[in-house]
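Notes for the one structure printed next.
In order of appearance the chains are A, B and C, and numbering begins at 1 in each one.
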Amino acid sequence: MKTIFKRIPDALLRILVVFVVFIAGALLIRYLLPASLKDTAFHVQSTVEREMAKPIRFAGSDVCADCHTEYNTKKGGYHKNLSCETCHGAAKEHAENPTETKPSLPRMREFCSGCHTYNASRPTGFPMINPVAHNPMKQCATCHNPHDPKPPTAPQECQGCHGEIARTKALSPHALLECTTCHTVPKGHKLTPRLVKPSTPSERGFCGKCHSKESTYRGTPKIDIVTHGEKYMCWQCHYPHMPEVE
Amino acid sequence: MNNPLTEKLFELLKQVSGFIYPNEIEVHWGILVVVYPYLTGLVAGAFILASLVKVFNVKEVQPAYRLALLTALAFLLIAPLPLLLHLGHPERSYEIFLNPNFTSAMAMFGFVYAWYLMVVLVLEIWFTYRKDMILWSQKERFLMRWIHKTISLFSKDVSEKGAEFDKKMVRGITIIGIPSAFLLHGYVGFIFGSIKANPWWSSVLMPIVFLFSAIVSGIALVILLYMVITPLRGEKIDIKCVDKMASFLFYAVIVDFSLEMLDFIHRLYESEESIKILGELVMNRLFISLGVIQVLLGMLIPLALMVAIKLFRFDEELRKLLYFVSAILIQLGIFATRWNVVVGGQMFSKSFRGLTVYKMELGGVEGFLMTLVLLILPLVTLAILIKILPPWDSAKADSVEGGPGYQKLATD
Amino acid sequence: MERRRFLGRFFANVAAVTAVSGFFRRSFAGSKDYDPTKHYYGMGIQVDKCIGCGRCVEACKAENSVPKEPFFFRTWVERYIIKKNGEVTVQNIDSRIEKSNETFAEKDILRSFFVPKLCNQCENPPCVQVCPVGATFKTEDGVILVDDERCIGCRYCIQACPYGARYLHPEKEVADKCTFCYHRITKGMLPACVEVCPTQARIFGDVKSTASPLTRFKRMNKLHVLKPSLNTEPKVSYSGLDGEVR
């Protein structure tokens, strides 16, 4: 043993001692550390528990119905897919202490406008109004029951919900055509718009009634309905609400 | 903490062009994270230069050998500082060593760094200086005597055999050290290059580019330090040494430049989805830092100067001036390179639709003043190291061998 | 006599049960009834239904104590406006700051829509891969969480996320992001954003369940994910996702 030590150069020996001490120290520290500092599974579990224990602020729509049965009318109206808390804000505190905290009661026009102001990016057919022009200064709830919102008068023609299309059409050669000229609107469309849809023309002959060479209407551009546009339907090239040629 | 931050962010919001994801308004890796790869790059470069002497027997660079090692150590000791200052919770930074996530390049880099510091650099310096420290401690006064005795681990072996063994160890460690140095800075490149979310960073070439720009900056730094410190000591600059170092610098700059050109051409040619926003990034946000500082000042002009030196045999004084200017320009250029990678990569949105801005503050932890401090600190550390471990024979004309002012180096 | 004995025994029982269950609740907090291996969560988003009202963003901030400033979002809504000349403009919808000053002439618009964004809770999450200390991890029920006691605030995960879903919490100085409202879903509730969405544009469900709205969503729609080429395997699927969306 001693000969081995003698054969290792002095310098190397000292360095090795330092390294052994260092590594042993590191291993000892690691061994002595409590599990909470080392163990990943422990940390994962404690994080999960901390997450789960975070406070809840929105109660969930089923909770409101326990007390507020009268608002189940919302279930049938246009707002049936909304949670109560969509408009009334976080209500968990109220659900736990009904008399002490009350959820918000948004009566200002700006609130309803948040969803219902006209915005070109909103899907077509979503009811939108111009908040400046539409019954200014009046609270929305005066005419529309927020829990079963129906317009007090049926929207003028189709324009009430399809404003963008109406405005586009108004500037087009088709301005004087009623929507119902081309679309038959079943009664259910105003009640459940996405489920009951108006019809759309299905054959070239429909546009041909005004636009084919054989048509007797005056003032419409005429084409040979048999050859023009080959096999395509008219609206595959020409947007009917703003029909441009070429 | 909240109010100054939000005020700053409101200001930045006004300067966003196009669209950015809302969380991207805050630039997360700022000047501190630019300083860090700059400092580690200098380490790798200085070490590679030193290794040329020991492994490839480039005798001309011998005068700068120990200086290069000390430079590497000084910068390596200070480099973790910007990182610690940048962390949200530096008090938990030990977790990187205690609970590393083995899939994380950043965690694994901690171990590469520790390996390089302890097993490569410190060991090499120790074996290089061991016999000298013993000899010095025999002649010195109290404080330096005990410092040298402690660092040499109280060794008393001044035999020839011991010195031979030291030399062998140095050679062996340097051989291991070269790939370790490659790994050190290549890894920093990998930390950026492996982020697929960011097309400015995500590239196979990133570790290689980082490595070669590190080599460039490290060699240039050693040239600079050698040319500044030697006259300060009253010694004559060994022009052959500087010429040789500058030669290697020249080759390294050529490789680095080629790699950057390759990256550029490759991006333009493939013309992937991100090319439009990256083009806008370079033209609108990085024009000065990339076009002017990194490429023109940092690479083309030094390259031109060094080509001129190779072609036209300038006299010594002119050569020294041109080397000095080139080395400084290169430092600027490589710092700008790091800026363009780190900050540039955050100036465009991952939606590829917008650009944001980075405003560096003057004061504060992530400010300009702190950056200056962090850049000066390694030089201060180097000064201390030079005091403790002098890298040269200080054979002055008026000191006699064996006398108090004389410190001849034992090995080399 | 009997009543007193009965009452005494009754209250003693109540006290005993409360004490015992209290002990159990303390030691197995959060893991009492919930078995994470029986659930695997995902989300669906119907782009055609989003009206960009921003309720989801507000609700998320309220439920999860997200800083109110417009620089920190766990979820947000983007607005896309694609003009007839091919120009695409994208904006962030934040119901608390002024919507963009840029007004669009309706007639220039070809397509326009809103896209809600959030953490995609990827199957192959790059954020988990790069965290140096393993502070962010995937739970058994498929949610990516952040351990805010281990996170060192290095921000590597924020750089690695291709979707911009993460931010650094300005007060806690740790990384933060959407957790699918883990504290709610583990109690059988919906995430706050899903709860308040007025048009059911957001659909949440358990992939392991055969009778969830998510299953129907996946059956009836052609699905997309964001940035599929990065192979992060997001668990948030979009229907009707336009090619311009990044």
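Here is the rule we go by: a contact is a pair of C-beta atoms (placed from the backbone, for glycine too) under 8 Å apart; a residue touches a chain by one contact, two chains touch by 3 or more.
Nothing here was measured: the structure is a model prediction, and the numbers come from that model.
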One chain's C-alpha mean falls closest to the whole-protein C-alpha mean, and that chain is C
Would you identify the chain whose Cα-based centre sits farthest away from the centre of chain C?
-> B
Approximate Å spacing (C-alpha centroids) for the pair chain A, chain B = 51
CA centroids of chain A and chain C: separation to the nearest Å works out as 14
Could you put a whole-Å number on the gap between the CA centroids of chain B and chain C?
-> 43
Name the residues of chain A that each touch 2 or more other chains.
-> 40, 43
Name the residues of chain C that each touch 2 or more other chains.
-> 134, 150
Chain B residues touching 2+ other chains are 99
Enumerate the contact residues on chain B facing chain A in the complex.
-> 98-99, 118, 123, 126-127, 130, 153-157, 161-162, 165-166, 169
What part of chain A is in contact with chain B in the complex they form?
-> 9-12, 14-15, 17-18, 22, 30, 33, 37-38, 40, 43
Can you list the residues on chain B that touch chain C in the complex?
-> 1-2, 5-6, 9, 13, 18-26, 28-29, 86-90, 92-93, 95-96, 99-101, 103-107, 110, 191, 194-198, 346, 349-353
Residues of chain A touching chain C in their complex?
-> 40, 43-49, 51-58, 60-61, 79, 81-83, 85-86, 89-90, 114-115, 119-123, 126, 164, 167-168, 171, 242
Chain C contacts chain A in the complex at 29-31, 34, 36, 48-55, 59, 62-64, 79-81, 95, 104, 106-107, 109, 112-114, 134, 137, 139, 145-150, 179, 182-184, 186-187, 189-190, 192, 195-200
